[in-house]
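By letter and in written order, the chains are A, B, C and D; residue numbering begins at 1 in each of them.
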């Protein structure tokens, strides 16, 4: 099957994505990427309505929108309206975007359109953990005056990012402790050879850390916990959790604890890889569309 | 809380388990381990009814029973009847065993007794994957005339054993391919750096393997698939999947493909570690009992 | 034996070194570190002549001197003259510094003083490879738009830095090729599981790289080789080799190949760890002095 | 250049070697392998004198001889005399064998023949460390009732086998301590993340081990040291060092310490891989012969 992709709006990732789809042999039409230095000259640019009406799969950016009305588009000279996507979508065509909220999904559903959120798909979350973890390493190497090798690191949370990051840190020679809550997670942590600590007793267990990487989107590092940590040693905290994050940054600042909020690392650290991850996930959505 | 454990029947693992519980400071009473060379002389041995009636937690072996009536007990001079457990259990006492079937669970439930199956707990499955994978390594090193280093290995299935085994093989220098079905599994396989193949096309993908480790309890390696594999190269197949296993051993034998069924490796390869894993899981069951 | 150390001049590393020696329980006197924000207030500061005359071991910075007359000292308000070290050294006292040239060694020898170059010691070179490699990782993550994971990396040279860096890259998921010359090196490269290429045919072997890390202090990447690399793909070159380095930067610039010269990474990336490495090496020198 | 190899005597390794050389496209003639079940039927068998007189490279087994007169040959129906090699060798032809002693080298030299000892070449020693280490793993898994994962292992010596084995053990999840003597070795041990202990104080450092792997050919584990180890815990000792080995086995036996002497593992554990290693080393010898 010859597939035509419309790649709409967004930042560098969308331009890389268009290039990758083209290189894979697909027809690709773009809207709202005119000003991108990355977009290949071989990708056709059209108006949003023309792009969408020609496409079998419309790929919206990550995130799709800030205001619920227009599509985010750093490299566009014109505004791109979501309504133009809904109005011009062909019957049977697919549409996907990242970080879709309920309002947007409902609006689409009212028009009989099912929007796919590629960011919520498991395989994308897993692969996105890689650039996130590399970005965290880069920050940690840059912002400390010691090596990761032989440093004492706490990884708070053992989900996807926690798993990928803990392994990288250990492979680089750090002494890694992981905090978790579930018995099964503790079994995996033991299997992997890390030290383990109950999430509830991070600051009470007598251990000292040089760097704390938080991956849990819940304020585990509140003023009280930060105070206990501070009493033991100086520490760098890198918060990788999505909002609300896991650190009381206000309190940390007052106490003089160096804390860094590091969000959306894949798009910042490795936009080309981030685009390849979106592409692979889009392919899976298309494949599932075919299968059923 | 002072806890008294009754450790009943089973093989070497139960004897190691009794020793470990004693070393951890608990009161331990044994039944049906009289003939074990491993059991510490400091563990008290009593009749089954006495053991059970004194216990806060009764630990039955893995598996508990073969006939549904008596408890498996390699090292016992007398028969141990399950009925004696049910009849003597104190109110509030816990009872756990491995590989409990519905009939047994129902029989217990009729008497108002909840039996805990430690083998079904996630944390036990995870930790048991370690001795299983080490046992598989041992077989593979022993049964081949080449090194695992630089060998081409297929790990069929990416569950707990697949994950642990694939990592060990790669760390030892093998070229590892993993077969799976789910997109998320493929993402994890890519993250870990293995080659990936669809479970459906193991024999069609043109790859050759020196060793195949199967972990999927489903006959993936039927006569047809074995024939295709045979056409390419000689191979050793090690089947780690629980019954019915994953290999048509009859067909493999006729074709001259060396195939090894390797079941219950933890108890065979590392009974002491297997006992420690049961102990840790038992502690979790006790802890949950306390928590409510 | 109670040992008194004089720590003289240098940059942050010397201040960290003084703090570390103090924490280890030794007497420490400093000169030329007055302006350092890192130096502990518990370290005694004295004039150079007083420091040296009280010391069992005088530790000069890395490098010791630029002009052969004064000691490099970023944090000093006054000039520190090498002559003051030679003139005030006690009989039997040791003196060590980093990157000593023949002139300096000869000058010392004329006065009957044996200077120890800690930078030339094998154990220091090995440990210094760690912050060097971490610094290289940091640059590579920061300066590319893709992840190290799945990237194609060439490590040119398999000495200390090559060994440490290749392992880190592979552990992070890169496809690592190492270039070398000796049969034994190729055996180690195969053992470690990297791809190998003859140093002579880096650009002829048909392979493409996303990042090249050079560790060989010899211009392997001349205009001719760079041209061949450029014909294949875009690449980032990070040159870690000490002078003269391994890259014709002029040619690279003209061709539009992004090339980064990264020297003295330990002191820049991880001065605290760099100081700990110097300390451990100094301890070994003192130990050998005792042993005879 | 078309090269003709004569593969003479030996065990399975020589048969595998002949097959490998044939598969690589060379002419191969064999002597003294008639009874091998492994030898390909496509390899020409001739008398020793005919084989040698037709060959550009004569490959003798490992070891070459036991009595200094005949060539070791498990699979031969006739005796193979070394004199027949010397008498029939063509001018310019090469001859290589494993574990050549001075007498043999001298005898050859008298006739103007330079014999190459492939076993003494660095690249062969490095690669042979892999099957040696895998064999040691196999023994350790088989002979213990616990997993290597979480076990406490001492690797005595940090040469080639020590390096390869320590890495394998750690990758499998063991707690690895390495003993060494040189500062540079300690730096590498620290870089790799193992615990370190001075070779002199293996038994005095208060540490307990579940398994000790010795790689140093010197009696480090004498009665005195064994006694100290025994006082702490039960232990399995696997001695991988060539004669005289590193363990007083008589004393160990009397004390009830389980000790295993494991020699010549590559030929036993992985004869096919061992043959490939010899082949690669032979190729290097031929290449050096060409280069001059």
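Keep in mind that, in the parts below, contacts are C-beta pairs under 8 Å (C-beta built on N, C-alpha and C of every residue); 3 or more make two chains touch, one makes a residue touch a chain.
Computed from a predicted structure; not experimentally measured.
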Greatest Cα-centroid separation from chain C: which chain? B
Same-site or different-site touching of chain A by its copy chain B, using the half cut: same
Give the chain pair, either C-D or B-C, that is connected by more C-beta contacts. C-D
Distance from the CA centroid of chain B to that of chain C, rounded to the nearest Å? 50
Quick one: chain C and chain D, Cα centre-to-centre, how many Å? 37
If you look at chain C, which of its residues touch at least two other chains? 130, 149-150, 173, 190-191
With touch defined as at the start, can you tell me which chain B residues reach chain A in the complex? 121-124, 126-127, 129-130, 164, 183-184, 186-188, 190-191, 284
Contact footprint of chain B on chain D as seen in their complex: 12, 16, 130-131, 134-135, 137-138, 141-142, 144-150, 168, 171-173, 269-273
Contact set on chain C toward chain B in their complex: 149-150, 173, 190-191, 193
